[in-house]
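Okay, got some structures for you below.
Each of the two complexes below includes chain A, the first together with chain B, the second together with chain C.
For the complex of A and B:
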């Protein structure tokens, strides 16, 4: 049995954007939005390498990162501690990511800007639901808030 | 000095996160519910839930490195890096800023056609009190809008 539980899989389908926190060797943290963290297997996820961004530079210096995910059904948020393993520029993971990035770019008006250079594969060290960040879905009083707005 | 465009983004309908790191250079992520640029435009105070703040308190006091990622729904995004100044429990004035931030984010997402059945519980489900106000002095600012210019230094 791997590190990633089955219940996290919907958070890895690109329905809601994820965030990724990295740190340079000089000790500067960085946080960015990523369109999708991809499920590879129960111990690995993949992230897209599209531009030579600060995130990519940091990861090449210091392979540890934290991915923050949103489950689109429960709206729970998750912290994934991950470590960069290797990059793939062809193969099934790359092809699947390329196709999904094209679709996300098209839906968000970013077609032609998002272009996959490589699928970066990360090993998952831990996966945990965040504590103290989200109310349980049943406790969110959306009806009262909607009425207040009217 | 933080320029108008970034002040407007921080005070507007933005998704904001704060990042820190520990002594092993492992980064953390904490979602922010509301933030305010100081009148001198050299510092920012952002508001995070108390329980999430507890995870990063040691990082703030030991190395003090802070980054704030600010993303508008238009994809316009900025990253502000700096040094921790201090923290305190949020007060009634902070709470008003947080509630305004939630309302702006919710109404902007609904106006842009995001599905209400997801957006409303998503925004309203973030715990924001009891909260902590975390202040830092901004040293560097970067453009982070997706594209080849992402990472460009702005100051």
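For the complex of A and C:
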């Protein structure tokens, strides 16, 4: 039995955007929205690496991150402590993510424009329902975009 | 600070703990039993579907059974079966449930949308956030267009299915790694499908792929036996494999028509015993048949001693006029040999041949249960009339054919001939022999 319980799976389908907090080696935090955290197995999740972003830069420097997920059915929120493990450029996880990106891209007339560079695999250290006061989403989004603007 | 616990309290607490443990165990057992019952039920359902779809070779019935099971037993509301069209290399909606009837026939290019990508990669795909993803990419697309990079984008794909689909699960229908089609389910609800649906659908899809492939093979064999009535086995196979268009579909093409019949046959048939007539026809048909196949001619029909053969259809061939001529010359030589034998038995028979070239409308002629493959046009009439005019051992060709073959043949002009069905007198040529250089390459 791994770290991720079955009940978290719907939160890993990209129905509600997830948030991801990373930190540079210099100690500068960054919070951003990611469209989907993918379920790999009960101990691993994957993130798509399509463009260079601050998140990717931070993770390559400092592999620890926190993913914050919303369950679309119950609206429960989950905190996932994750650590970057490795990147895959082939295999079933990469294929599944790549196919999904290509399918949606072709539906919007952008086939071939979006390329999945790699599937970044993270090991899940802990998964728990968010405890404490819940901030309204809007406030978090504002904070996230403020962080992004920096 | 610690509280002293009386033995009585301790006993009550451990009894309560035991009760809780028993209740918890019972809950786990119930859960496992429910899971097991569900598994058994799923196995039973899948076995039933499998039995039903493999018990027929009718493609429509297989798809109907499949859709019924998907809807009523497995509870999928929107199901599509798409089959790969080997001629267009596209997927086509062959049957569906939960969509407008007009969805049938809609096409999906390989590589377009969830279904197209599943077909391209031959791997299943489950998506639960189509709406969000599409909105996100459409916003990116607008940004690209705003940045003057619109040239990068293509028009969004027009795909059959629910306009507001949020979830899709698509399975490739594979037979030994060859794509037969795609089985897809959709829902307007996000995250509608889970791993269990994935598992159920993948089992159904593998059964369906085999059943559909078998039905298609059966249909092909049927079509093959129908085509073999008219065409050589190689050609029939080529047509069924999609290497040639179905010649039974009406089309127009320039062809060379060869008509032949035996001079003196009517008199012979009147005077001789029927067994004798049948014997002569058997020898004659066997020899002519061999020569038709050898020269890749198409036998349109034979009526008693008459035969109509054409060249350049159902598949276009190089030098059709030359092939027709060489076949006619071989036939003439062959019948000359046969008639020596026939003459010894007292039958005076010789061959007359007419050849013409022109456009004709070709295809299936007839009615359900009795279709024939035939050509209609002046060219067939002209060849028949020239054959009628030809004397024993004579090959009459139309002036068009004569000019086409002037490099090859020694001929003498015949005519003007007044032929039934032709207003103007017709000039023709009687083929004497091949020119020496043409004969050498024979």
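Assume the second predicted complex is superposed on the first by the 118 of 150 C-alpha atoms of A that agree within 3 Å, B and C clash if a C-alpha of one lies under 4 Å from a C-alpha of the other, contacts with A are read in each partner's own complex, and residues count from 1 in each chain.
Criterion: a residue touches a chain if its C-beta (ideal position, glycine included) is under 8 Å from a C-beta of that chain, and two chains touch if they have at least 3 such contacts.
Small disclaimer: the values here were computed from a predicted structure and weren't measured.
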item	value
Chain B versus chain C as contact partner of A:106, first or second or both or neither	second
First (chain B), second (chain C), both or neither touched by A:87	neither
Partner chain in contact with A:95 - chain B first, chain C second, else both or neither	second
First (chain B), second (chain C), both or neither touched by A:22	first
Partner chain in contact with A:42 - chain B first, chain C second, else both or neither	neither
First (chain B), second (chain C), both or neither touched by A:13	second
Most chain A residues touched (candidates chain B, chain C)	B
Partner chain(s) touched by A:51 [first = chain B, second = chain C, both, neither]	first
Contacts of A:68 with chain B and chain C, given as first, second, both or neither	first
Overlap of chain C and chain B interfaces on chain A (superposed complexes)	16, 72, 108, 110, 113-114
List of chain A residues in touch with chain B within their complex	16, 19-25, 27-33, 50-51, 53-54, 62, 64-66, 68, 70, 72, 75, 77, 79, 81, 108, 110, 113-114, 130-135, 137, 140-142, 145-146
Complex contacts: residues of chain B adjacent to chain A	15, 17-21, 24-29, 31, 49-52, 54, 63, 65-69, 71, 75, 77, 79, 81, 118, 120-122, 124-127, 142, 144, 146-148, 150-151
Chain C to chain A touching residues, read off their complex	111-114, 116-118, 121, 123, 125, 127-130, 132-134, 136-138, 140-141, 144, 152-157, 159, 166, 190-191, 194-195
Interfacial residue positions of chain A with respect to chain C in the complex	9-10, 13-17, 35-36, 72-73, 95-96, 99-100, 102-111, 113-114
